[in-house]
Amino acid sequence: MSQIDLKGIFPPIPTPFAGDAIAFDKLAFNIEKWSQTGLKGLVVMGSNGEYVYLSANEKRELIERAVELTPDHMLVVAGTGCESTKETIELTRDCAERGAHAALVVTPHYYSGRMNEAAMMAYFTAVADQSPIPIILYNVPKFTHVNLTVKLVAQLSGHPNIVGIKDSTGNVIQLGDFANNVDPDFNLLVGTAGALFGGLTLGCAGGVLALANVAPEICVRIYEAVKAGNYEAAKQLQLKMIPVNQAVTATYGVPGLKAAMDMLGYFGGDPRLPLMPSSEKEKSEIRRILTQAELLDVQ
Amino acid sequence: MSQIDLKGIFPPIPTPFAGDAIAFDKLAFNIEKWSQTGLKGLVVMGSNGEYVYLSANEKRELIERAVELTPDHMLVVAGTGCESTKETIELTRDCAERGAHAALVVTPHYYSGRMNEAAMMAYFTAVADQSPIPIILYNVPKFTHVNLTVKLVAQLSGHPNIVGIKDSTGNVIQLGDFANNVDPDFNLLVGTAGALFGGLTLGCAGGVLALANVAPEICVRIYEAVKAGNYEAAKQLQLKMIPVNQAVTATYGVPGLKAAMDMLGYFGGDPRLPLMPSSEKEKSEIRRILTQAELLDVQ
Amino acid sequence: MSQIDLKGIFPPIPTPFAGDAIAFDKLAFNIEKWSQTGLKGLVVMGSNGEYVYLSANEKRELIERAVELTPDHMLVVAGTGCESTKETIELTRDCAERGAHAALVVTPHYYSGRMNEAAMMAYFTAVADQSPIPIILYNVPKFTHVNLTVKLVAQLSGHPNIVGIKDSTGNVIQLGDFANNVDPDFNLLVGTAGALFGGLTLGCAGGVLALANVAPEICVRIYEAVKAGNYEAAKQLQLKMIPVNQAVTATYGVPGLKAAMDMLGYFGGDPRLPLMPSSEKEKSEIRRILTQAELLDVQ
Amino acid sequence: MSQIDLKGIFPPIPTPFAGDAIAFDKLAFNIEKWSQTGLKGLVVMGSNGEYVYLSANEKRELIERAVELTPDHMLVVAGTGCESTKETIELTRDCAERGAHAALVVTPHYYSGRMNEAAMMAYFTAVADQSPIPIILYNVPKFTHVNLTVKLVAQLSGHPNIVGIKDSTGNVIQLGDFANNVDPDFNLLVGTAGALFGGLTLGCAGGVLALANVAPEICVRIYEAVKAGNYEAAKQLQLKMIPVNQAVTATYGVPGLKAAMDMLGYFGGDPRLPLMPSSEKEKSEIRRILTQAELLDVQ
């Protein structure tokens, strides 16, 4: 098993844009702020990073700059999953060369009907075999309409270069099922903040959470509270964060997450088209939710 | 709010059959055993009770006998949901008259496209208004393909005769969402054992669990452990029970639950057709899972 | 194979209510009107008949009265599917005794995960074996969340007492697949009017169509046109009826169908609760659609 | 409205590979054969072209070579849909520059929850506004989990540079609904061969059909038969083709289509990973289906 410590909280960071280009100055600004919050590292080019809207060149430049901008105490995980095995391997290698510490690899999914256990096994094994850096599986049925089976995750957890999974289903029964069947040092990462407390109490190593972009301190506090056995405090924070997390994921998506970042002192900005920016009505609802959760002061 | 204490563990008990008829002697036998395990009460005519296979007369006789057979320290909850408002009210009244302490009312669902918030609001309000006993909402999308919204549950929780919800989604984020929005003394009951620990740590009052038919003591121990703040013990028991619960619910259904009961000293017997009894191969797999979970001795 | 001629158009008739009771006078009124439109027969207690809201006694009285009221040149098909094999057989026999010519038997579906090919095969075989009248399979995944496979329908089509299927998927590829695999004299009945023309051109015997309650003459004209090889006329009528059919099925459901009946000179009335009557806004939209399709005069 | 005649049959051609590269000699071989079958044109880089597995450079080279290789009597349609508006516009322009006659643009879909009518309207309008060649909408929920609404298609049909839609749902009711609402000269293209006859009888202009890669002559004969009013012949061919189409689409996917091409004298070859080549067992089943449909001689 590759040596990498994934215990803690990671935000899957949005990609900031200025007009048609990536806004690297805003990226620097955000990373500087996140670096003071207790986060374990950053995930670049995940679903919240609009990775499907970035060109091959942009991805390489983005990871290079993100690595440069991130302080040494933090990890940089690169989202490198493409639809084809070939392109995923190439991108993973290029990200490794540019300093990424690990790669988050989403399940290929366009031909979902053919992405059976055998195809997935072959895919992740080929990628892990040829990657210079450790691989984290990325299971996000909400976007991919594919769900990795327990059997498959258990088998893949035995690969020396596959070190964990980000599971974004929010299904703690599935997390428990994974926990029962994977290799002991395999890292289960909760992929949505609503299930953070539940996942951590079942033994998950940490979380990769959209919410950690806008409320990193609270996500870290939940993590620390569970580690310290302070379940009641963790529960209270978890309950308070559920509506915020709902807003910045399921209800308002990446545009909502970016709007919330703008409200909370980060740079969010507009998503790339065809994702539409949040409407004024949506923004006002997001503001209400942030205020109610005491992330924003009453105005 | 009606006064009824739902804190604890309830099994939704299978209906035992002998040929074409309900086997009341077997029911007596099972209830006698369950009554010594720390269970809070029994749910009769839930999904695991094959309520959709019972005639109107059978339902009335079954609740009458179940009430007679159940010792005073335990509650009897009657599943009284029918598709029509009219029939549900009649059955709820008849069960109340026969001594049921509360009614579990499933969402009507055949015309799922029309079962919107307004229709559900009117339905549950009418039933609760006309029921002599407290109402528990029953949300089980796996069977009904309908999911009660947080908004609706929050509104219904304000009705003086609606005292709780059994939520069988296994979705702890939804349970947390409910917790944030319902009346303070509204009882959230976890509806599937895989989410029991997760639900209880978020403040749920108890559980109505298929697993509690075959492993009542362990379900009660998880409940007691969380109440005592002994999270690590609860977690270990929870993880151990996940595969058993998976087997007696999702994978093998009611026939699998009945087969497991037969293996563990209860009477299970055959389900009613069209549900087919577990095959020998399924039984052998269930036996393996029970053995691995140390519910059955290695043979 | 049982001798019964199902070639033609059948409406699955709504059950008229007056207060809490079935309004048999309104039933008589409607049947009298339908009997003059060229319909082949009536389906009583189908999904549009709100069969899930009728008690066991009501069902028996309804079929008895429907048979009495229907003129000899028309068939009466009784919807007799219940969840249990036992209850379905009993109801089928009782309907046969009361004069129904055939029984339409919906797939059992509450435990959809267990309703596999073996369970369905056993179910329909048992029902057909013990029914005095011919059986028509009823496949309506919109309500049941179960879809009969081609393999299963092909096998069941060989049973001497199973004479056809009403397939309500609207999927003409599936109808073609059935046509390729069933016994030659097995009756394929299109179960939704939007697919009537498409199904008939592929060789279907007829249709059981919600639309035939409100526009029986046009449904019959489509049927006759295809039989006469007049495809262009059939196509024009089909296109004109698509929005009306959409309104009285998918969009506004049984309440919409009943509202449309009231507008077109039949008795519709209110559905049973929890189905809510169409709102004024819905009624006005239905009126607009009927007018545009020239079923109602411009007012 | 742009002037382009889309009436007829188009195969969405598979991309042939040799090792890691596109096999342009095999492409030439296939196009030479297809050009003698009565096809109206070719669709390059559709779903069957594994477009999600082609790099940006490969796509440009592929369309350039396909245009060169295709005789003048045939159209070349380029699949140019990417997830981002920006990349789609760039690729569409580059394909136009290389001689493509029209562009087939799939619905963006990764963030399916946000791809509402407003986002789709803005997306397709922006692409059509900036494209030098006519745009054909591509609706394929099987892969995208997004379905274009009738309202949206009707609106987009009014754009002067949007000339049609390939609808791959196989849902003839939806095709009829489109027919009722789109601009008169908007081209409805049936997107799956099982619905070809049904779609054409409702007035569709033609089809873009996986089946047309392996049985182009028969697809063209169905098209010609309907045009000539010879519905019975069309029906017989349609029924015969349903199992073949099922095999080369839903059941065995692109690998199955490529295997069938190899059996029928075209070059199929292996798909790109992670798509796995058909197994020997799958190939033998495909061979059986092709033989039964008289596309292959009995051996």
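When the chains are written out, they are named A, B, C and D in that same order, and each has its own residue count from 1.
Assume contacts are C-beta pairs under 8 Å (C-beta built on N, C-alpha and C of every residue); 3 or more make two chains touch, one makes a residue touch a chain.
Predicted model, so just to flag it, every value in this text is computed and none were measured.
Student: Out of curiosity, which chains are bumping into both chain A and chain B?
Tutor: Both chain A and chain B are touched by no common chain, going by the contact rule given at the top.
Student: Based only on mean CA positions, could you tell me how far chain C sits from chain D in angstrom?
Tutor: Here the centre of chain D sits 36 Å away from the centre of chain C.
Student: Quick one: chain B and chain D, Cα centre-to-centre, how many Å?
Tutor: The answer is 50 Å.
Student: Every touching chain pair, please?
Tutor: The list of touching pairs comes to A-B, A-D, B-C, C-D.
Student: How about chain B: which of its residues touch chain C in the complex?
Tutor: 20, 47, 52-53, 55-56, 83-87, 108, 110-115, 118-120, 122-123, 126, 142-143, 145, 250, 253-255, 272-276
Student: Sort out for me which residues of chain A touch chain B in the complex.
Tutor: The touching residues are 170-173, 176-177, 179-180, 192, 194-195, 197-198, 201-203, 229, 231, 235, 238-239, 242-243, 246.
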